Every structure is written in C-alpha cells, then in structure tokens.
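A short write-up of the structure that comes next.
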Amino acid sequence: MPTIRIPLILINFKTYAEATGKNAVELARIAKEVNLKTDVCVAVAPQSVDISRISREIDIPVFAQHIDPITYGSYTGHILPQAVKEAGAIGTIINHSERRLQLTDINVAIGMARETGLTSVVCADTAEVSAAVAALKPDMIAVEPPELIGTGVPVSKAKPEVVTNSIELIKKVNPAVVVLCGAGITKGEDVEAALKLGTEGILIASGVVKAKDQYTALLDLAEAIMKA
Amino acid sequence: MPTIRIPLILINFKTYAEATGKNAVELARIAKEVNLKTDVCVAVAPQSVDISRISREIDIPVFAQHIDPITYGSYTGHILPQAVKEAGAIGTIINHSERRLQLTDINVAIGMARETGLTSVVCADTAEVSAAVAALKPDMIAVEPPELIGTGVPVSKAKPEVVTNSIELIKKVNPAVVVLCGAGITKGEDVEAALKLGTEGILIASGVVKAKDQYTALLDLAEAIMKA
Amino acid sequence: MPTIRIPLILINFKTYAEATGKNAVELARIAKEVNLKTDVCVAVAPQSVDISRISREIDIPVFAQHIDPITYGSYTGHILPQAVKEAGAIGTIINHSERRLQLTDINVAIGMARETGLTSVVCADTAEVSAAVAALKPDMIAVEPPELIGTGVPVSKAKPEVVTNSIELIKKVNPAVVVLCGAGITKGEDVEAALKLGTEGILIASGVVKAKDQYTALLDLAEAIMKA
Amino acid sequence: MPTIRIPLILINFKTYAEATGKNAVELARIAKEVNLKTDVCVAVAPQSVDISRISREIDIPVFAQHIDPITYGSYTGHILPQAVKEAGAIGTIINHSERRLQLTDINVAIGMARETGLTSVVCADTAEVSAAVAALKPDMIAVEPPELIGTGVPVSKAKPEVVTNSIELIKKVNPAVVVLCGAGITKGEDVEAALKLGTEGILIASGVVKAKDQYTALLDLAEAIMKA
C-alpha cells in the first residue's frame, strides 16, 4: 500500500471535469510520473466515486475529499470512512471550505479516521481556527484562507502572517501536527515560499487540475520542493 | 448497459457492513441471481464509493444513494451526477429520509439527473410531499413514512392510506410518475399488498441487507412480484 | 388584531441596519402611515427579535421572516411558531432564498403555521418549485427568482414568463393560493406590471428598506396598487 | 444594564411551553426573586422572540440562545448579534447541542459577540472539543455531554472526568475562560459537586423550567452555590 511522506503535495480533484472518471485516472497517472521523476511524495484526492478505480490502476496515495462522522449503519448517501479505506484510500480531507463540518462532527470524523487508519488532513481558514483544530489531534492541518482559494494569489505572499501565526498557534497546542499550505499555490516559487514559512507541504487544486499542461505544472511544484 | 423495468425492486445498501466493499459486490451478485431466476428487475443502490466496482463486476442496474445538485466545478466532497454516471450508475435516489435536501436542491438534482441520463427516484414522507415532488417531474417517487423505516411494519398494512392517498395525489399532478412503496417491506406478502395498493415496485434496505439469508429474503420478494 | 387583505405589500426587513431595533419600529410606523393614506394593506416582516416591540407599538400586520418546523419542547435557538404568534405576528415567511428549508420541513412548517393561526407565505424560485409548494397548501406563494433578488431588475420585466408560468402551474395544483411577486420590485410601475401578470401583491425588501426616502418609495408602490 | 458575575446560573428556556411568551416573563421574574434572596447571579436565555419583552420588564441579565455568524445585511430569518444586543441581551449561547454550528461559524460568532459586547457561552460536548473552543477565545465554555442533557443524571456524577479533563485542557489553551457545567444538573447537591470539580457555574434547562415548582427548584440550586 502506498504511504505518504513529507514534504507532501496533495492534489484536490474537486468535481472538476478535468479530474473526473477517466480524466481522474489519467491525472493520477501524471502525479505518479512526477513522483517517479522527483521522488517527491504526491498524493491525490479524487471524488469518492473514483477512489477505487484509481487505487486499483495507479500506485499512488489516495485521499478522500470528505468522510462523514459515522460508522456502519442506517445512513443513506453518506461517505463511510471504512468504505473509503476498503476502496483503497489511505487518508482523507476533512472540513474543506467547500464542505464545512460542525465542530463536533470534525472531532468525530478525526476519531473515525484514526480508528480506520486514514491520515486526516483538516482544513482551517484562520490561525485561531487552526489552533482549535490542533486540539482535536488530526495528523495534518491545511491552512486555507477561503478568500485566496482558486485566485492564484499565493497565501505565502498575500497573507504570510496567516501561515506563520497558524504554525505558531498550532504547535503551541499540538507540536505533532504537520501543517500544509492550502490556498493560492500555482508556481514553484509559491511552494518554496510556503516551505520557508514553515509548512511541510501543500494542498492544491486548480493550480494543477486546471493547468493547460498538468504534468509540467505539477513537475514545477515538485522540483521546487526538491530544491527547498 | 443494464436497464430498469417495472415492477422494480430497488435495494438501498445504506452504509451497512453487510453491504460495504466486497460485501456490496457479493450482495449485488445475489441480486443478479434472483433476477436471473425470476426475471424480476432488481436494482442496487450501493455507497458512492462502491458504484464503479459493482458496475464493472456485476451486470445489474446500479443507483447512487444521493447526488448533489451541482455540475463540474469547485466542489469538494460532493457527489457529482456525471461522475456517478461515468462510474456506471443508471439512476439515483434523491432526498432519502436520511439525506434530506432543500426543496430547491431537489428540483435542481432532478434536473441534473435528467440531463445526465440517470433515472431519478425521489423519496417523500407524506401524501402531500409526494404530490409536491410530482410537480418536479422525477421518474419515480418512493413513498416512505419515516416512522416505518426499518421497523418491519409494512407501510401497506400500517398506513395503507398513505400509499393510496399518495398515488392519487401524485397521479393528479403528474400521471407519468412511477410510485414505489418505500418503507417497512420485509416479506413477499408485503410486496403483494404494496402492488395491490397501486405501487409499481419497492425500495427496500434492511429487509434484504440485514436478512440472515439475503438470497432467500430477496427471492421471496421477487416471487411475490411474479405472482402479482 | 390587524388583518391582511390583498393586494398586499409585504416588506421583508432582513437584517438591514435600516430595519433593526428602533429603526424597525420607525419603518413599521412609516408603513402604517402609507396604509392610512392609501388604504392599501402593508405588512412588515422584521427580525424575530423585533416582532414583539413592533406589534406592541404599531397597529400593523407583522410577519416572522422564518419559523422552524417544531413545536414546544427541547429546541435551543429555534424560532417557535407559537412564540412568534404570542409576540403578535399574524403570519410568517417560509423558505426564503436566504433561509431555505428541506422539503419535508416546509411541509411541517406550513402545517404548524396553519395550526397556530399564522398566514404562510412560502417562497419559490421557479415555476416548478412554485407548483410543488402549492401542493403543500400554503396561504400564499412568493415567486422570487434568486438571480433577481436585490438587483433592481423587476421580475415582471426580466422574466415575466416565470411569473405567468408559476401562476398557471400553481393554480392548476391549488387554485386557492395567492401569488405574490417576490423579486426585483423597486418602482410603482414594477408593481403595476406584476399585478397585470396576475399576482395579488408583492414581497419587497431593499426597494423600500434601503431607499433614501422609505416613505416616498413605499407610497409609490402603494399608489400603483390603488391605480391597478 | 444588568451585569453577570460568577458563580453563574444560566437558565436555557429552550422552546418549552413553560418558558415561552408570558410564561417566559414569569420565569424571569422568579429568577430575579431568587437572585434578590440569595445574591447569586441568575441569568436567563429565552427565545429570541422573547428577549425584548423580558429585558424591558425584568431587571435580569438576558442571553440569546443563539446568534448567527453575520452582521447587518441581506439575511432573512437569521438572528443578528446587534439586534439581540439592542433588544437588551448582554450575552449569548453559541453552539448548543441542539443548534450546532460549523467550526468556522463558531469562530465568527464569537468574534461578533465580542464586537457587539455580548458575553459568549460556547457549548462543547467533550474535553477535546472544549479545548478546541478555548482556542477561539470565548468568554465561557459550557461542557455538556449530549448523552446527559435532560436525563437528570448530573455530569458531575456520571462523568466527572469529562468536567475535570475539560477544565484541564481548556486552561492549558486559554486560562482566561470560565467553565460552566452544562448537563444533567437538577439538585443543589449536583451544583456543589460541579463547583468542587472546578467549574464556576451551571447552564441548566429542564431542571428549572420543567420543575413543578420553578422557584423552589431554582432556589435549591442558588443556595448550593452560596454554601460552596
């Protein structure tokens, strides 16, 4: 089973056409190529529907985009942590800005991920919220000011203090948590800046998925990590 | 691609352990066997994660348990109608009592299902709500008084007037809609009663999934349809 | 107790500063003045917090902006239909585009309004959704295409067919329902157009609340109703 | 304007019939009597609809049961912090187990309360969630294991470690936060136990509201605080 290492590049496929179904498999294949070329750990977070197909066809760490705070039982239309795991995922995003959870449910979902053996990456929009999440003991926190998501403005440039404040507050509450930079990354230089601020990887979506040349865009990011 | 016919038996796998992952594939195989033996149309609604695997391995109509009222784009952790379709589903449940939607979103989801080529089965809990749903032109409506779900008390016995009133109100608004009986079915005689009340199939979950012998339980239902 | 008549002007105060607290009382007083001058029925929908104060100080029909689908019991932070009624409201908006409800909850809320003696005005964004709501037997439906809310583009001009289609579909399902025009009204001529299309009143917010001169803006609308 | 002191008894009126409308005013009057007799600070959290009437008639600290994470603007059916304040409230409950918020919204709501001059009491169901909330810098946290709410089993007895663990984790993150015991209190002895565990007050609902004799029940709690 593929494992994850830091520094990490985690690609959120969202429901983009360029990352759905057979396109999702193709993008996972590209991610694997970049991993083989640079030895940087690249993981993918496809839609729940595409997890099993990617896991079967490509040897790459797969994350769910979301899990529900539930276990086996009478739940219709939910994303079950155990099902995600059995389909081949090794981790999950939780509380993405496009899929916010109640505080209590974040806590339960982190616990379910832990029990099920899924690495948890919890999103947070401010330094204070990052600190709050740290108290719930996730494996990783992705700091993602929503106003920067998808804008092409790197968080490390527009709001470097969000990143550094977040890291400081997170580490005070829970030094074991890995911090990812979660918004506005598009180029290698953004990655370098993010790592210099103290993060240990990035969570990225449109910067790779919507790039004209997905391979080149991703390679640029991975090479920046090698240099750093 | 498998097609659906009425009368229909649609099995909701929920997130039951007995219908997750490899158990989901096994239950779909059983459903196929019953279909082959009786020629009754049996469809399955596994978790989104399991759709592609079942579609690939078993020749049976597959439904999603839920779709989000969205299209391609910036949505994380959502169930995209087109992804569900590409994974092999031919239909979807919408607004199950365990996954209620806002009225506006039901309307959009039905429209998305239509555009994507997914048969829509919309759940409704009362005769009035059934009539409201009928105005939105879904393919099918499953009448499921929540107080009977999972109780083993068949709606056709405990509340036959909910079914007959629903059918009457639905047909007045939209005669083209197929009505399923959506709660409390466990035995063949319940199916017979449901069909006599004027429904054209059933939506069932625990009655099959949690049965000691899934094959026998489902065969009992299918044979009741043959007799009717 | 104040009663409502059609044609009706219903002013949604939202949480605008110009319609909160003492400003809400002042705006209700202006609405009463316009009512006295024109004899057109003008009702106000302040925030829940302001209902009792307005009801006590001004002799005008007061609506809640929302009620929860609940009754007396263990609910914290909810809007109880009976509390709204006891505070002096005679009606309530349900399912406003800024406060969407699940279909089932709309049905329950309409029933609670009926039981409690509150006139229900349910919002709907399309002709199909309007027809669906009509099946639930509210007293009134306000047709409000969300894309026009607060734009100043009158629904009667930009999308007259939404209004006429809605009326047609609503009346087919339930001829007793009163239809209000719910978006984009700012001037008297918009009101005239809306009434000509077959509506029996308007639901308006920023057109009055945010007007430089609230009295003059509202008087313009009421006089248009007198003329029609 | 009434102020709050610790130790504090905060009574959540929920939507109980015994604490709605004129009954709400009457219960606030009883609370004031107990305050005058014992000098213990007693505050009340009525429904939003009843805030202004109680504030006007009774000289007692009034809390909202919930505020939405919004400011003035286009929000229909929401509870505006400024409106609650103008109506006479001096504080607000946030994230009650019956009105859970998304993590991000809890953060915004606490900030809005601070800006508006409302004392914030945020509910939390576990020690970890309590610590998370502490990072968001509310004024108070009410620890309320949901499984004990309304059961009559005092948290201080059934789960004393939830309280002590919560206090420990909260104080580590943010020593300034006041901790209330938020579930299962019915008698004076429960209050004594809660204070001994280190809390500085209680959040109570049915234990007072549904008591046969509300005055005697509340007096029993207040006298226990005097003794402690």
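Note that the chains are named A, B, C and D in the order they appear, and that numbering of residues resets to 1 at the start of each chain.
Everything that follows uses one rule, which is that a residue touches a chain if its C-beta (ideal position, glycine included) is under 8 Å from a C-beta of that chain, and two chains touch if they have at least 3 such contacts.
No experiment lies behind these values; they were computed from the predicted model shown.
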item: Chain pair, A-D or C-D, that carries the greater number of C-beta contacts; value: C-D
item: Whole-Å gap separating chain A and chain C, where each centre is the average of the chain's CA atoms; value: 44
item: Distance from chain D to chain C - Cα centre to Cα centre, in angstrom; value: 34
item: Whole-Å separation of chain centres (CA-atom averages), chain A against chain D; value: 37
item: Where chain C touches two or more other chains at once, by residue number; value: 97
item: Pairwise touch network: line, ring, star, complete, or other; value: ring
item: Residue numbers on chain C that touch chain D, as the complex places them; value: 12, 14-17, 20-22, 47-53, 64-66, 70-80, 82-84, 86-87, 93, 96-99, 149-150, 205-206
item: Residues of chain D touching chain A in the complex; value: 95, 97, 100-107, 124-126, 128-129, 131-137, 169, 173
